[in-house]
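The next part holds the structures, each set out as structure tokens.
Shared between the two complexes below is chain A, which has chain B as its partner in the first and chain C in the second.
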Partner chain A sequence: MQEFDFVVPKTLAEACQMLSDGYGRPVAGCTDVLPQMRHGKLKTERLVDLSRIKSLAYIEHSNGRISIGALTTYEQMVTDRQLHDYAPVLAQAAATVGCRQTRNRGTLGGNLGNASPAGDTLPPLLILNAQVVLAGSSGERRMAVSDLLLAPGKTALLPDEIITSVGFEALPRGMRSLFLKLGNRQGMAVSVASVALALQLDGGGPVQDVRIALGAVAPTAIRCPEAEKFLIGQQIDPITAGAAGRLAAQACAPIDDVRASAAYRRHAIQVLVKRGLLSLSNDGDSHADN
Partner chain B sequence: MLTIEITVNGTYQQIQTAPNRSLLDLLRDDLGLTGVKDACGQEGECGACTVLLDGKLVNSCLVLAAQADGREVTTIEGLQQLERLHPIQQAFVEAGAVQCGYCTPGAILSAYDLLMHTPHPSDEQIREALSGNLCRCTGYTKMVAAVHHAEKELSHAS
Partner chain C sequence: MPPETITIGKSEARKDGWTKASGQALYVGDIPIKHVCIGAVLRSPHHHARILAIDPSPAQMIPGVVAVITAKDIPGEKIHGPLVQDQPVLAMDIVRHMGEPIALVVTEDKTAAEKALAAIQVEYEPLPAVFDAEKALQPGAPQVHPGGNLLCEYDVSDGDLQEGFSQAEVILEETFQVPRISPAYLEAESSLAYFDEDGTLTVVVSSQKPFDDRHHIAMTCGLQDEQVRVKSAVVGGAFGGKEDSELHILAGLAAWITKRPVRFLNNRWESFLAHPKRHPATLHYKLGAKADGTLIALEALVHMDTGAYASYGPAVGGLLTEMVQGAYHIPNLRVLTRVVYTNSPYSGAMRGFGSPQAHFATESMLDILASRLAMDPLELRRKNILQPEDHFFTRVQVGDTARSLPLILAHADQARQRLRQLPAAPGKQSGVGFALSLQSMGLGHRVPDDSTNRLEWSPEGRLIVYLGSPELGQGMQTAVEQIAAETLGIPYQIVDTIDVDSRISPNGGVTCASRMTYLLGNSVILAAHKLTEETLNYAARTLNLPRAKLEYRLGQVILPDGRQMPVSEFCGRAAEDGIVLGASATFSFPYPAERTPEHLPIGMPHMMHAFGANVVRVEVDPELGTVEVKDMVAIHDVGRVINRAGVEGQVEGGAVMAMGYALYEDVCLKENQRWVDSFTEYLIPTARDIPENIEVILLELPELSGPFGVKGIAEMGLVPVAPAIANAVFEAVGVRARELPITPEKIALSLVEG
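The block that comes next holds the complex of A and B.
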């Protein structure tokens, strides 16, 4: 592996300072960074190890708002009861990441910072309308996750900026959510296509509110406003769910790569959106019966 | 060079390391713990380099040696109690769950981690727990049997 300096700030302020000359790179779990450095895809003179800044690993909930520190690992998200109650779609996505070894190391901040189109927390964060809090030498700023993600591997972060937390409103009562992912191999699978859905039905009938986001089928994770708009006021059945799936498939701009062809990805999205919508609306029925 | 303080299998040590070395490099090459293996070129894909870092299961190729400063590491060598194999190791031997052996230390540590959290796992839970440890020989069936066997041994012991 290439040579680099390794520095370990104890506080956020120190970390920003160590990044301020633009020659450093923040790291947390290193699960993306080390393979990228070994492949020569990432070069840096200095790694700034955030993993000792304990104040950045937490999941907090107050007045219906959830805040998750950037250093929170997948394993912490999977085992957090509150997250399962207030944003099940994110807890579910965290549970599908890699294997336990990866979930113990990989962080939410790293998934955002890496900005892979296939990052599994990104579609859930999009349907949660999540915002990130960034800290840099010139202070703090906030932005929507959708504005942070620019292109594969590219974010709107300045070189001296660190993601400190991610915040969002809990899903409204009665809104069900689901994360579905298609990968090539359980345990290590990078998504070939993924879908995050949230659905609220008006008294078990027509769609009152729906949110749909897709992963691994465009340069960044994306929302699907066309499919969402189409569904408002409709009954969910195989026909409307299928039509929403086709609209979602039209919204994606997938690529051919080693994992799957663009055509396969587009087809997968159509199937996942349809399946997810039907499954969420059936859940609704069975609960209404109880 | 950096100086790090690390407790490996119960022994505290101070070691010099370059910033670009992984914990796997340190354990295997510098400390001679050859139970920690590299079967994928340190890509994070195979799990042969699995160790416990402060009690948490990790792939040691994806941890920088410097990130283990001040922490405790347990490798397969640390699971063995004196000259006796750990019950999970013994169960793997008896169930015929070891063929070429490349995946075995990592798989046993994953099984150990599982049984610490879930003393009576289902087949499904065992398969999930071993999903980060690629085995191209056994087909996993005998590994699952071995974990069930170890589960019984461990619950008798406690």
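The block that comes next holds the complex of A and C.
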């Protein structure tokens, strides 16, 4: 592994300053960065460790808005009661990440910064219409998560910018949500395909609102406007759910790799979307498993 | 019921348990040593290339670099290999696989090592490469070695195939494919070389065969074996993958040239690319049977990809050939096995040694036949199992061990019925499958197959066992200590084992082939009898009594008047007299001439066998194709249980390892022409993937030549699992997996298409 400097700012301002020359890289849990550097996939001269900026690790809720500090770990998300109430889909996704050790170190900001198509929090953040808050030497700005994610490993961040938090509206009352993940084994697996869904029915009847996002089947996590549009006003049954699944499968642009072929990924998306919709329309509780 | 014992059959606590669990055990990477240098290996980035030039000089200038070593610096033999001398210590003119060692750097720190590796200039001319055994045999294929790509071939038959197939009422033909897999031990290969107090080149190895390592190190350095000392470190798993000396040779060489202590620790990717794997193979079967299910003829054509170097490929090919028959009587049988060089990472020994490949094909084939004949797969097997008076197709009589088969089938049937009652989770489909297995113990005829070990009384009366073969973590030492304790009638707690050190240990041979408890147990029993004799002789001399008047019982010398004196009293006196009360013995695996056919290739036949079975219940997601192994029952005849927890651990560990073979693992070439070489892409089962309960049923039909009746168990637990899973998947969703691993994708897409 190449040699690098490791600097530890105590405040956000200090961190921005340490990144301002464009030669550094912010890190939090390092669960992505260190393996990437070991394999020569990432080169950098300076790691700017954000993990001492404790003020960036929080989950806040006020007036129906949730704000999560970028340094919040998966374990914090999994154990936060409010998150389970207001955005269960995100808490569920956090629970599927890696193993206990990964969840103790890995952060939400890191999952966003890494911009892997298979990042498990990304489809939930897309259906929550989440926004990120960025801090840089030239000040603060906000952007939608969908605008942040450009391509595998690529974000719209400037070299000196840090994600400080992620914010979104709590899901409306009565809107159920669900995260489904398919990996190649039960424990500690990278997603081969994942789906985040939120569904609101009008009474017990037709779909009033629906949000669908997919992971690991396109260069970034994506929303599925076609499938969503199709479902509005429909009754959820195996036929409509299956049709939505097919629309979702059409929306994705998967690749062949050692984990799975593109054909299987498409197939899996279709199954997961169909199942997710049926499960959300059937029972009162949303639950995560595949 | 076996008679009451002191320790045999009990789950005695392992003596290495505490140090391992508490992190105190010293693996090669942990051994503290002053001023130790980093050893690192420059490895080929090409699958096949000619080396036009190597210029180490830019690396030599880097601060912290002690030496850069290439093939021309080697003082002794430049080629090695456990069976076939075909593997350069460091590449000379050609590299034949990605990861092949080209140069060594010895540096004072890690950073210098990385810089030095990057600075060595190598000019390559890439050559065309081949990665498939069958393609490698076609005309015009890239040639891996000058002698052609066919490393060796076995053609063994019995009966008359043509006649057999002419009587058959059903003939099936199928092709099976099994992947290359990694032993995936926690501790990758490692080696530490230094000069001991008296200046002897000493190499501490994580190895299954320190004495052979010593020989290869000595040859490479141009030394006599006795000029090199090897010691066994605590070994973090081996599974056959640590029977190759490659890294130990490099460590010994680096220390010998630089005269500095040097430690080599393979990275995980180095372990994937440059140490042996389980052979991938293609097995083509043609099976003939009567309409009532009686097996009548089998012809198998097997191609094994041994990769760039032979390693143990020829021996694995031999055993695979023998194991094709499985637990069945098949009167007309021919197996043609070709072991082929390619530019893949090399394959060699791995737990099961050819048997898992053969069993996947044979046990899948039987279920395919059963389904074709609309027969119960268990009844089909019952009809065809070997009987004691039958002969294997190697002409070896099966013998008493076959008496276990009806019992195994009965247990399997019960397990099957019980597991079939269990409901599937909503949306899942449940299937129960099983497979029988055959595994041999020992190295095979005309391969030196013996072990020498030594027992001594310490001055305070503890028993010291000098084993000549290393413990790998499997619990062999515990079993041997229990056998020694039982034989001498002393508590297990006062027996200690000394790890292998060539300075003081006898040469006990390679730890391998499910033979250690049998072999070491027998040699320790022989030594114990000699030690008793030695002890009584000494007692007679010191007490001034005739030897014939003394007896030994349960750690006591019994005097003529019935009084007892503990052995410890004599040990102390002997020590004062400068005498060590000790005895060595050698036990050789029996290959009695009258029972051992001569015409077979070397390493054939194996004489000792045991049978087993595995029953599994899987739940398959019929849309996504995911397979979960929910329940497992393993049934094995081990001859005699020495340490119950140890045997159960071997069976469970083997079963879990085989789940990886069945469902996840494949060291394959990716589209970017690189191998899968990390645990990010190479998945092995985690605790969340394995069944909560693996029931282990142990049968004890004694092997008469075994210590207390022991057969062997280290490999067997693994062998029937992959075909049992494939058969269960078939029962669940009707998809027949002819290829491992059985990925969700293969199942889902064939359900969608089918």
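Everything that follows uses one rule, which is that the second predicted complex is superposed on the first by the 283 of 290 C-alpha atoms of A that agree within 3 Å, B and C clash if a C-alpha of one lies under 4 Å from a C-alpha of the other, contacts with A are read in each partner's own complex, and residues count from 1 in each chain.
Everything below uses one rule, namely that a residue touches a chain if its C-beta (ideal position, glycine included) is under 8 Å from a C-beta of that chain, and two chains touch if they have at least 3 such contacts.
It should be emphasised that the depicted structure is a prediction, and the values quoted were computed from it without experimental measurement.
K.L.:
Between chain B (first) and chain C (second), which does A:Glu3 come into contact with in this model arrangement: first, second, both, or neither?
P.N.:
After superposition on chain A, A:Glu3 lies in contact with both partners, chain B and chain C.
K.L.:
Touching A:Pro35, do we find chain B (first), chain C (second), both, or neither?
P.N.:
After superposing on A, A:Pro35 lies in contact with both chain B and chain C.
K.L.:
May I ask you to decide whether A:Arg246 touches chain B, chain C, both, or neither, giving the answer as first, second, both or neither?
P.N.:
neither
K.L.:
Applying the touch criterion given at the start, work out whether A:Arg25 contacts chain B, chain C, both or neither, answering first, second, both or neither.
P.N.:
The answer is neither, since A:Arg25 touches no partner chain.
K.L.:
Can A:Asn104 be said to touch chain B (first), chain C (second), both, or neither?
P.N.:
first
K.L.:
Touch test for A:Ser261: chain B only (first), chain C only (second), both, or neither?
P.N.:
Only chain C is touched by A:Ser261; chain B is not.
K.L.:
Residue by residue on chain A, keep only those touching chain B in one complex and chain C in the other, then list them.
P.N.:
Residues 1-3, 35, 99, 186-188, which sit in both footprints.
K.L.:
Where on chain C does chain A make contact in their complex?
P.N.:
These residues of chain C touch chain A: 111, 114, 427, 621, 623-624, 626, 628, 663-664, 668, 670-671, 676, 678, 680-681, 683, 685-689, 743-745, 748-749, 752.
K.L.:
Report the residues of chain A in contact with chain B in the complex, numbered from low to high.
P.N.:
1-6, 8, 29-31, 34-35, 38, 47, 49, 51, 75, 98-102, 104-105, 186-188
K.L.:
What residues on chain B touch chain A, complex-wise?
P.N.:
Per the stated touch rule, the residues are 2, 18-20, 22, 41-45, 47, 50, 56-59, 61-64, 66-67, 69, 110, 113, 129, 131-133.
K.L.:
Could you please specify the touching residues of chain A with respect to chain C in the complex?
P.N.:
1-3, 35, 39, 99, 182, 184-190, 256-261, 263-264, 267-268, 271-272, 275, 290
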